[in-house]
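This is the structure I want to talk about, given as structure tokens.
Chain IDs A, B, C and D follow the sequence of writing; residue 1 opens each chain.
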Amino acid sequence: MVPETKIPAYVRDVKYYETDRMGIVHHSNYIRWFEEARIDYFGKVGTPYVKMEEEGFVAPVLSVECNFRSMTRFGDRVAIVLTLTECTGVRFGFSYRVIDCTTGALRASGKSEHCFIDGKGMPINFKKMGKKYFDLFSSLVGVETMFEP
Amino acid sequence: MVPETKIPAYVRDVKYYETDRMGIVHHSNYIRWFEEARIDYFGKVGTPYVKMEEEGFVAPVLSVECNFRSMTRFGDRVAIVLTLTECTGVRFGFSYRVIDCTTGALRASGKSEHCFIDGKGMPINFKKMGKKYFDLFSSLVGVETMFEP
Amino acid sequence: MVPETKIPAYVRDVKYYETDRMGIVHHSNYIRWFEEARIDYFGKVGTPYVKMEEEGFVAPVLSVECNFRSMTRFGDRVAIVLTLTECTGVRFGFSYRVIDCTTGALRASGKSEHCFIDGKGMPINFKKMGKKYFDLFSSLVGVETMFEP
Amino acid sequence: MVPETKIPAYVRDVKYYETDRMGIVHHSNYIRWFEEARIDYFGKVGTPYVKMEEEGFVAPVLSVECNFRSMTRFGDRVAIVLTLTECTGVRFGFSYRVIDCTTGALRASGKSEHCFIDGKGMPINFKKMGKKYFDLFSSLVGVETMFEP
């Protein structure tokens, strides 16, 4: 399934328990938001991650980074805009922008890299073993999800 | 193994990321501290929980409750004092008191109930299936871990 | 504002990071879901919690409890159905039921109690100091939010 | 205070609630471990972070990254070895290595960058405003904390 129209970005409200005593969202939660955005994305492009895992495709995180630009607070709604940046068959990557839904201000940007492993922890070449995923993901490289304030 | 001397209570520092925008430890973290204290306890009485799980004894939480008495903040060190309150073979329970290590003030008190299940999620009667655990835990009922400021 | 129609229950998907090595949602997260459901509720009845805090009404948790009935897993969508059970002017309480949106199965039930304090941590009698909240909440006591599978 | 002897690395056990349904520590928790290690470090070099905040020096995270090398599981004990890599007066940075205490295997490596802001969120040049911190931190640049299995 290759979507012809743009995929909407993942949107969510800040949770109270995500704030810390600085009165802002604790930085570690952005890493969790990236994951939420990835999983939302897999669902929106027709390959729910829970099904991928059931089929034996597990996608651990190889690396993650985040640059914090401005603070996010309780009461804010954010969009996590995402781009699948790379898909080589043994590795795939995403970039992220966290945007305040009200002001459009950039809150943070980041990246993550992943591979696929099987249930025993061995790397999978999904160009061979999971061609449907490889073909889909390859077609999506470079296309950012859409956020309109 | 039945310890002849008192078991020391579990002590830990508040983490920055455990605070919320009220400037205090978010209440949900006390539930995690109870778990930390249980796991610390299992280790101290000679039955590390990781080994119990490896043997097929998994102990999910059936219920948990916590009463918050006063606030805990970043910079505080707390002791989670614990008592194994019940052990019937199909169910066991703990009570907890969270104490500020500096002042001795009671921060919170709580309870939890657990059973044992096997790897397939079926309940285990550990009076029969895990007699060594049953005998040990039975011997420990009512004995509170020790905290001295 | 007293809603004439039923207030819809809070619905959310399980996050991957909420699961633990048992393959289920870690029990501490239900306590966070209760908070999410409260905050969603305050918004739906016209008194967003972020505004209440800005006005100086902070509502810490006095007690919380949860009974776990069946397991929730990644891939599940749950409704947290909520009832404001009590409102006395110095204290208010909620009860909760966590329901699997697909099967309607009860996953957990729970309760929480709260008071209002001001910015300095002193208790507020909101029958006097926050009459608009008291009147609203009093009118809502006993009315469960609505979930239809 | 400039320590003449090596500063011991921060050591901690994996918490059960830090694992996810892959059976490993969820990647977001390494970001929290980095914070724990920083706060432990500030305490060990004589400038507890809670006191720095009380004096009006708040150190938000500007960026963070982590490379995951091998998996960490419940039952493992890890050392987070840390180096203060940079201190310019407006910015300071750390690098981290997460090491399995039993095997010495590298679990992850990472970096973080920070600045100091005051209570109103304005950047502080701590070469001027917090010279004692600047002098201390400058003296510590490049010195890794010590872990011996």
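Throughout what follows, contacts are C-beta pairs under 8 Å (C-beta built on N, C-alpha and C of every residue); 3 or more make two chains touch, one makes a residue touch a chain.
Please read all numbers here as calculations on a predicted model, not as lab measurements.
Annotation: A-D is the more contact-rich of the chain pairs A-D and C-D, by number of C-beta pairs in contact. To find the repeat of A-B among C-D, B-D or B-C, check which pair has over half of the same contact pairs by residue number; it is C-D.
A straight line joining the Cα centres of subunit A and subunit D is 26 Å long. The mean-CA centres of subunit A and subunit C are about 28 angstrom from one another, to the nearest whole unit. Chain geometry summary: the mean Cα position of subunit C and that of subunit D are 36 Å apart. Within subunit C, residues 16-17, 24, 28, 32, 35, 74 each touch two or more of the remaining chains.
Residue ranges of subunit D in contact with subunit C, taken from their complex: 16-17, 19-21, 23-24, 26, 28, 73-74.
Remark: subunit D residues 15-17, 32, 35-36, 39, 48-50, 53, 74-75 touch subunit B in the complex. On the side of subunit B, the complex with subunit C involves touching residues 22, 24, 27-29, 31-32, 35, 58, 60-68, 71, 121.
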